[in-house]
Every structure is written in structure tokens, then in C-alpha cells.
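Presented below is the structure to which this report refers.
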């Protein structure tokens, strides 16, 4: 769906026709949402937009800024975390936002619904002062700004997940914890793929390379650029946090194995020698055949003596293990 | 096999002879496939191609763009994943595609069959509008474009393998899984060796450094360059994914060892003390010799009492292990 | 709370009113601490400060230096280690210090109490020679210098923690040690996020890019820049130290498991065969039924012979284990 | 030993004396092999070679290209893999090859035998067309080319070792495998120390920085530079391959421990309860003292019943372990 | 202690007074060792040295080269390995060497004894040709050169430690080995902190940026710079070697655990079933009560048969374990 508005000097007018919108005095903003191929062709014809740029909107292309002789093309992506089990490609759902920025016109194209861009359009329609009085480049800044602000929301959700994992890993580390860790790791990898190109793309505008960017607007793009630097920074830092959580998880597992082994060792090491002693006095050598054959069996205090010896062995070994910190 | 065509103004003519093809008006395209040394020499003579460039086609040289006084030499590699067990060198099968780009001529040389280049040649032969009306540099772009598009297919196959591994690692991790992980790791290493030089080589064309590249064609090369950046990006990201799968695999092994130990510990720790108790009452001290010798054996409820004590010990330890999460 | 002072030629005068302070001869320093929105607006009006810079003070923005047509904006952060259990965001508590540096004026704004800046203000008020006779840029240097000096204190605390961990890890490694290691790791990650942008921001001043920085003052900013380079360096080095401590911790755990297993193996391996031998002579085959049925039971030296054999087995195995270094 | 030849226009003349060789028309090539200090001094005097460059030949200095007012100094190293156990310093045996390149003269100096350089000298002596007709810079290229070609042989040997390790690690991983892995790792580290400086050194020549390098010869140096880039690339890739082999080795060890534990757990967990049951019926409670004392012993089917119960327990547990994949 | 000498044209004169030394014809070298604050102030006054540079000598500042209007300040550090147990800060003991290089004067300042600088001073005093006839910059080169040469000694000691560790790790890996590994790791980290800034500082001189560096002297600084590049290189390579040794150590531990487990598993798995069999025939079922109750006990060959069965089981299991490589 295409909407065409022209604004300036505090007024906004809607147009039905691309050509007359472009010709009208003021800043022309063509916004095409959930755009069809036919609509794209019409826009490309009217504003002399290169076929390669049109192709980029349809394919899964990295964010970028490309300068053409009479306009600048900015391609950004909205990004949303996918819920539930996903393949890597689907971890972060993206949708392209194309901005064609001319002298006194701007064309914005989205293949999806793009409610964030809609918010900017409503601000213009409702006569937002700053948007109406500044040129097309300031409107481009606002669109890019709202897209990038959404990145912070995505990072906040990831940060919440990481805090939850960090608690989980200390309290109830299990197989599910590792799957959560891996899931966040994939989300960060997937998000990072979006952030770095976006940072480069906005960097071009922040340096004021394209003619269509007014020197006064540069510092606004620099502000968005700062945000993208911060987002890229956080993405890397979060990767480090996640890898710290993973280390603690793996350590918890080793620690558990260590403790299991200690339990076994303590019990087996105490009882195996005792069982041997009991086994010895369970042998059937015939005391009648010789005085050397198990005379203990006939002693008056043989049984209590053996019990006492066993108890002493057990106590000594338990004390030994306590000293070693096993129990 | 050498084919020579000349095209321009919508028409395509085939030639038998290199010299007259070069002399004819229009864009001359010499395409040599499964080229022999003799054919290479003939082409090099006709188009003044440097011996070092000819050598590069025969040897296993990295992709590159090299500018010569009157033409530019672009060397790319087609890449195909080898199936089955392979040495590292064979993981990704490559075949060179050499492009010599002059003012109004282009020579393309492949040592293998190179069906992707053949596709472009058929498009020219069948009168593809865009190819016929643009110069030699646009034809070079098309050849490079189809070669690079094949890289995406290769990456898609690798991505499928990774998705399969990620499932495998969660469901049936075993030695074979690790071998699959290592195999993809090697494929990515091997592919990466192809991608980075290709990216540099196309970058030279995208910046429009060679005189033979028309300013209008630059943005087409920039488009291929963007693809190669994306491919390089994905290669790195896939490496990270594979290393995540490897971590989960290794963890599954540790987890398995941990569980095996728990099983042993629970069974051994419950039964070893019980066996000891049974051993004690299996001793042969002579109750007749003294009232202190195993009087329990003569008690009326001695046996049931021991059984009850054993059962209590077993229940207590099982409860303990359940609390610790061992069972 | 806003304070306004004007100084130069060894004298300092306080003003109640921004406009007259600015107009007065000498260097004007407006310092706003725990600033309110209304105060910020008043300052921004008087000194033509851009709205984006004002926004940056309120939000959690990375340190930076930004040049505006008639002044330079420097944003730094004070940093304090949070005590106790914290989320990642809270590990290092930061508070913004904004400095707007004009020709002959400087505005400093803090949203918190900022006692370090207060120290500089008191030095001016009490007639510190160097501050009074040099321009606004030197005062900016002093503020930045005291903020950065505090970073060294933070690093000293982290270094103390690391030394303590390194001892702990050698003497009493346990779960708490790992949590300490992870805590320092997070602190370093969090601090690093502050240091790198600060380094870039001061680098701009050290290169003398802004007009407001006098060539004579450049070397002072270079001095602060050197400190920030050293701080960034130490942060990375400390990360390496912490990861070394982590390795030793993990190794201590493996070593412990290894020793536990050795204990179990020695005891079980010695006693299990002995218990078997005892078990054999505890069998109830009837010697009366046949001369082949356990004739040993009736031998005169059967029992002592078995005890000697058992002792020999035990001694031989113990010697074997001693040779292997198990005991 | 010093040899002096002068060539050009298809002819080669040998000289006994440095000064007359230099003065003669044509390209002068002084080649000193297994050079003595006295020979070096004589050469340095005749060709005004700086003492620092002479020092570099004697010491273990990184490869480099250094421009002097009237000549360019290129220092390369031949590299050979040491066989058997070596200290790190000896892993890759290197020998310096110094090239001093003047307008119409070239001096090559080796401290060892350097058969690769000898090959080039014989080509000149036997009237190799290309060498005789091109200047001193082309001869320098040929020397550098043969030195670098030897690097590929070294890499081939390393690749063979890696392939052997990769098989070994899958089939018979043991302690020796790890030592092989570590040995290749050290060889790669040691070789890498040679490759990177060589790449930089040849890069200077490939860019045509020194005056002594003719524009026509630049592309030959670029060819060697391409080889060195490929060699550096392979070195890094081989490091990754080796670290993959190491991972598989370590995993094989964990897997082995896991399987050992499973064996123990299965056997112990099946027999320990059975042994307990046997122990119970080995107790000596006196059935005569009370009807509650082990009445089972007197039952007609007591023994077969116990055997059946034991067999059922064993079968159940074996089935359980089979389900868990332990056996 | 301050010494002042003036030299040139082969002669060296000592002076008592800074001002007259500076005024005298020839190169003036002021050398202050174990310098006091008062001495520093006197020197700073006479040679117009900036207070920040004086401060840098007292504090623990990174090596650097800083250009001032009429002189260049070079700050280097001597480095010595600390012996025995140390905190991280003390691993490498450093002591600053400050060099102020003017047109025809040089001031060198050390806070410690600095015997390496003393060596250079004695060379001048004893009339070393090269030092006397070249300017102040050559003397600066000599001082820097001797300081950097000492770095190689430090690296040699580290290399010896690494070789010792590599042997230790293969022959007697124990807890002490890991502590040695960690100690070298810390030394390398600490040394690296010194090397990188020194490399940058000398790089400035090697590029000939400061006016005080004569073009002829540049190549001497380049020589020192090459050494520092090589030192930095070796530091990184040694880090890799140490991490290789650490891997082998950790593997030795895993291998040991694996072997311990194998020992236990073999012994337990062989004897536990045998003990069970013995336990069965130790049961007290009454053969008199029924012909089904342990009739084996009354058989003529019962006992030998059981022994043979046990021996067969033991031999079969031992053969199984030998096939699996456990024994």
C-alpha cells in the first residue's frame, strides 16, 4: 500500500498520485508498506531507482548505504527475537526497510507491516513540528532512529534471558540450562549479523558522505551511529557473559561428578575392608583339624574383639576422609 | 575448446578465428573451456596476455584481480563440496575461472567444464538484451555473478548439515556426531580459504580501479561484492555455530559419565554396607565357646531383626540419594 | 544546584546569574551538580547547547567527544565498583559528567553528586595558581584528570581481588572461588565498556582536534590519554590473569577427582581379590562327600597359609600402586 | 666462497676480482656462499654496504627489505623442518639469504650452503635466456622465488603429518598421538615466525617501492608475494586443522573413560545386589532357635527359588542397561 | 648523582656545572642516575623540560616518545624477571630510563642504578670512536639499544623455563608443573605490557619523526625497532608454547584418571562375579531338607568344577579386557 504526503511550512497534504506528489512544493514522502512488485516498479520509474536496489529489498541482503547519482539508498532491517525452537536462520526475524533519499523527497519501502515506520508517518500526518520544518534527511533520520531503538528492546530481552540463565546456572543447572545458554548464544550470533552492517550503513550517513544529508542533520545520524556502536558493544559483551555462564555450568557438572565419586569412595573404602574381615571369619577351615585353624573362632571374646577392630577401622577411615574434606 | 563470438546492437556472430573475432566491430568474447596448453598459448599471443597470468590458471592459486597495462585479469574459483571421506585438500573441490577483460573484448578460460559460465554464454548466444547492449565489463560481471551465486548453494548445503548436527547432538550424540562436526569444520575452513581472496578480488572491481570497468558497471560489481561479504560473514557465523554444537556434544559426554557414576554410586553405596552386615552374621565364631560369641544367631527374632535393619538402612540411603537428586 | 564563577589574573568571583557570569571578563565556569531538567534547559539556552547533547546526559550513553560549531562537548563517566551481588548492569555504577567547553567558558554538568569534580571547583575557589591563570581548556583537563584518576582506584581494588583469588585458588578452591572469579570477570567486562569509549573521547582532545583546546594544553590531555591507554591495557591483562586463575581452579577440581579415584582404586583393588579368596573358603562344599571337596579346610596349616597368601597379595599390590605413584 | 659473473646480451663472463666485475658492462652478480667475515668486509667495501646490514646476516634477524640510498637490502631465510626431538628454536632450521640489489649489480650472500641459490647461478652460467636479458632485479626475483618455493615443500610435509595425525586420532589415539599433535603445532608456530616477515619484505618489492625494481619486474614480485600470502594462509588453516585433531583426541579420551565407567557400572550394579542376596543366605542364624530364623534354608525349593530370583534381577538390570545404551 | 660530559672531535671533557656544560662546544651529555627530586628540578630548569615529563619519570608510566618544541622525550623501562613467588605487579621488575634529546645535547635520567646506561657512558669516557664523532641522537640510540638488548636476556630466561616445563610436563606432571606454567604465563603477560609501548616509542624514532634524529641515525633506530618487533613476536609465540604445555599437562591428568579407572574396572569386573559365585556356594540352604537344595555341595567334583568355572570366567574377562586395550 502506497501513501504519498507532501509537507513543509507546518502543513501536510496527501496525494493520490506519485508524479504530482513529487512535483508539489515541499518535502515529498512516499511510503510503501507490504509493497507489491507492481508498486515497486511504479515507484522505481517515477524516482529513477536502480533495479539492483529494488532487488535488494526482495532478497535477504545485509544493511547498507549506497550512493546513486541523484539519491542515496539506505537499507536497514527491523529485528525481532523469534520465540520457541527455531533454526538458526529464524532466530532473529528480520524485515527490510528501504529508504531512498533525494534532495527534497524520500521514499520508504517495507515488505512487511513495519509499525515503527508507521509511527513516524503518523507524527508527520499529525503535524510534528520538527519533522515538518526540516527536510527529507531529517525524516530519514527519524525512520532509522525508530528502527534502531527497537534493537535496544531486543537486547533488553536478551539481557533478561542472560540474568535468568545466570541464576539458573547457580541454582538448578541441568541439561535445559545448557540449551538455554546455546539458544541465547545463537540469538546473539544472529543479531550480530544484523548489527555490524547497520552500523557501517549509518556510519556513512553520520560522516555526511551523501549530498542529500544536510550538515545540520549529520549530528542526528551521529547520535544513531553512537547507539549502534553501543549495541554492537553490548552484543559482544553479552557473548562474553554467556560464555561465563557456560563455564559455570560445565564446572557445576564436574563438581557434581567429583562429589558423586567422593560419596562412592568413602562408602566403598570404609566397608570393603570390613567386609573382607567378616569374610575371613566366615571361612570354613576346620578348627578341629589343627590348633592353627582359625583358633579365634573358639576364643571367648573373639566376636566382640572383631567387632571392636572393625569399628576402629571404620572410625579411623572416616576421620581420614573428614580430614581430606571428603565428608 | 575455444568459441569466439562478437556481439553488440542486438546481434551475435560466431567466429572461427581469434584474430578476426578481435578485429570485428562490437564486443569480442573468447571463451575457452577445458582449455589445452596450445589453446592457451594461442589466446595469450593474440591478446598479449602475460605468462604469469597463464601460469596462475594451471596452478592452485588464490583468487585475485591483477591489472595489466591493457587488460585486467580476474581469477576466481568455482567451489563444490566433496562427498564422503576426503583429505583436507579435497574437502572443497575448486576449478579456476580466468577472465581477461580488455576495452572491447573479454577472454574467459576454464580448465574444467564450468557449466555456470556456459549458462552466460548461452544467454548471449540467445540474444539476452542486457548482455548484448552493454560492454565486455558487464559480461565479466555476469560470469563472476554466477560463480558467486554457486557459493550460496554450497553454504546452504553446509547450513543443512549444521541443522542436522544440531538435532543429532541433542538426540543421539555419539562418536559419529563428532566426526560430522569435524567434517563441517573442515569444510568451512576449506571454503573460507576460497572466499576471502575472492572477496578481495571482486572488491578491486567494485571500487572501479581498473580502467576497463565502466562507472555504470561498478554498482553491479558492488552487488557481487556485497554477496561475498555476506558469504564471508556466514562462513564465520557457521564456524561459531559448529563450535556451539561441539560444546553441547562434549557436555553430553560429561553428563553421561556423570549419570553412569551416579548409578554406580547409588547401587554400590546402598548394597555394600548391607553386604557387610550379612557378612558379619556369616562369620563362624562359635556361640558354644562363649556367651559373647554371636549370641544374636540364637535369638528368636535375630533374623527378622537384621532384615528390618537392612531394609531401614536401604530406605534411608535411597531417600538421601533422592534428596541429592541422584535418583 | 548551579554555581557560576569567573576567574583569571589570580582572582575568583562568584555570580548568581548565568548571563552576567558569561558576559564577565575572564574564564566563566558554570558547574551544575545533581542537575534538574529546568536547570539544564536554562544552561542550554544561555550557552546554545544542542538538545542531543542534553539528551545524552540523561541517558546511559557511552563516553564521547563531540564538536559543535562554537563549543566542544565531552561526556565522561565516573565509575565505582558495586558491592555485593549485582546484575551485570549494576556491576560498575557510573554517573555522567558532561563538559561543554567554549572559548572562554566551561560548563560542567553532573546528574549525581560527583565529589571529584567538586574537588577541582574548590581548588579554583581557593585560588589554585595553575587553574586561575590558564584558560577553560585547562580546567576541563583537570576535571577529566580527576575522573580518570578514580579509574586507577577501581583497578587497584580489582587487582586486590585478583591477588586474593589467586591465593584462594591455590589453597581452598571451592564453589565460592569460582563465583568470585566470575564476579571479577563481570566487573572487568563492565569496566571495559566504560574505558574504551573514554579513551577514544580523550584521544580527540589529545590530538588537539577541537579549536577550544590550546596547543599548550594538548600535552596535558595526552597525559590523561596515556593513562587511559594504560588502564585499557591493564583491563585486558587482568582478564588474562582471571582466566589463568580459572584454569587453575578447574584443574584443582580435576586433580581432586583424580585423587579420589586413586583412593578408591587402591582400596578396592587390594581388598576385592582378598575378599574373593575368603569367599572361596567360605563355600560349603562337603569335604565328607569327596576328597576333592575343599581338602584345604582340613589341612593343619590351611588357615595360616591362606592368611600368608592374602598378605603377600596385598603387599604385592600395594607395592605396585606405590610404583605407579598412586599411594 | 665468492664468485663474480657479469652477463647481458646473452653472454656470461666470470671475474676473479670484485672491482673489475663491478666496473664491467652488463649486470654484475657477486654470489658469496658460506661467506667468511673477511669476504663480507671486502664486499661491503666494494659496494658501500652498511655495517648494520652486514650484522643482520650474522644474527638471527627476521626477514626484511630495507632501502639504502644506492641499493636495497633484502633478507630472507631458507627454512627446513628439523627431524626428531628438538627444542622450539630448532623446530625449523633457517639460514639467511641476503640480497643487495643495485642499479646494475646484485650481491647475494648466504652463510650456509644454500643449494637453491646455486640453482639460479647455474641457470645464469648456462645462459638461461630470461635471466641473461633482464636486469639485476629479475635475478633477485628468481633467487627469492626459489627460496619461497621451498616453503611449499615444507608445508607439504606438514600437511602429510597432519593427514597422518588425523587418521591416527581416529584409529589409535594414545599419548604418542598427542605428542605428534604438539610437535606439528610447534612446527607451525616456528614456521609462522618466518613467513610473516618474509611476506612483508616481499610486499615492499611487489609494491615497487625501491628504485632498483623495474616496473616490468614488479608483477614477478607480486607473484611471489601471492605465494607468501597463500603460505601464510595455509599456516593459519593448518593450525586450525591441528586444533581440530587435538579436540578429537581429547574427546576420544573422555569417551574411553566414559566407556570404562559404563563397563564397571554394569558389572558392579548387576552383581553387587546378587552378592548381597547370597550373603544373606550365608548368614548363620540358627533355624533351630526359632521358626523365624531363616526358615527359607529348610524349604524344599528355597535354593532354586533364590537362584531364579537372582536370575530375574540380573536379567532386569541387564535389560535396563541395554535400554540406556550402556551395553 | 649527576655527571656532565661534553664530547666531539675525539675528545671528552667532564664538567661540574650544568650551565657551562650546555654552553660548551660539542655534544653535551648530562647523565643523572638514582636521581633526586632536587637534581631533576635543576636539570628541568636548565634544559626547559616540561613538568609532565618529569612526573612520568616518577610514576609507573608506559614507555613512550613525546615531541616537545625544542627536544624529544623518550621514556623506556629496563626489565628484570623477579625470582620466587611474586604478585603480578612484581613479576617483571622495571625501572624507568628517561632520555631528553636536544639538538646538540642529551639528558639521560634513571631512578635506579641502571648499569646498562653506565656501560654506554664508560664507552664515551674511554673515547669510543663512533660515539664521540656522531651527535647526541647516536648516543640516544646506544642507550636505547643496550636497554632493549637486555630484553633478549629476559626472553632467553623465559625460553629456558619453557623448555624445562615442556620436559617436566612429559615426565613428571604434577601440581607444581601447573604452577610453573602459570608463573611463566604471568611473566609473559607482564613483560608484554612493557614491550608493546616500547615498540611504539622506538617506532616514532625509527620513522625519523623528531627533528633531533638525523637521517643517518634513523637506520640505527630501525635496527632497534626490528629487535622490538622480534621481541614482541617471540612474546606472543611463547604464550602459544606455554598454552601448548598447559594442554599436555591437562591431558596427562585426564589420561591418569582414565588409567586409574581402567585398573579399577578390570579388577572389580573380574572379581565381583567370582565373589558372587563363591557367595552362592557359601549359602546355608539345607541339603538335607530337599534334593533341590544345593545338591552341588555334595557332588564329588563340585569344588574343583566351581574352581574351573571361576578360572574360565576370569580368563575370558581378562582376554576381553586385553582385546579392549585395558591391560
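Brief remarks follow.
All chains are identified by letter, namely A, B, C, D and E, in their written order; residue positions are counted from 1 within each chain.
The rule is simple: a contact is a pair of C-beta atoms (placed from the backbone, for glycine too) under 8 Å apart; a residue touches a chain by one contact, two chains touch by 3 or more.
Here is each chain with its UniProt name: A, B, C, D, E = Magnesium transport protein CorA.
All figures in this text were calculated on a predicted structure; none of them were measured in a lab.
Between chain B and chain E, the least number of touching-chain steps is 2.
Although chain A and chain B share one sequence, what matters here is the overlap of their interface residues, and that overlap falls short of half of the numbers used. Centre-to-centre, using mean CA coordinates, chain D is 24 Å away from chain E. Our note on geometry: chain A versus chain E, Cα centroid distance of 38 Å, whole angstroms. Annotation for chain D: residues touching 2 or more other chains are 254, 257, 261, 264, 268, 272, 275, 279, 282-284, 294. Viewed as a contact network, the protein chains form a single closed ring in which every chain touches exactly two others. Starting at chain A and stepping first to chain B, the chains sit round the ring in this order: A, B, D, E, C. Of all the residues in chain B, the ones that touch chain D in their complex are 50, 52, 55-56, 61-62, 64, 66, 68, 87-89, 175, 178-179, 182, 185-186, 189-190, 192-193, 246, 249-250, 253-254, 256-257, 260-261, 263-264, 267-268, 271-272, 274-275, 278-279, 281-284, 287, 294, 296-304, 306-307. Chain contact summary for the complex, chain D toward chain B: residues 159, 162-163, 166, 170, 219-220, 222-223, 226, 229-230, 233-234, 237, 240-241, 244, 247-248, 251, 254-255, 257-258, 261-262, 264-265, 268-269, 272-273, 275-276, 279-280, 282-286, 289-290, 292-294, 326.
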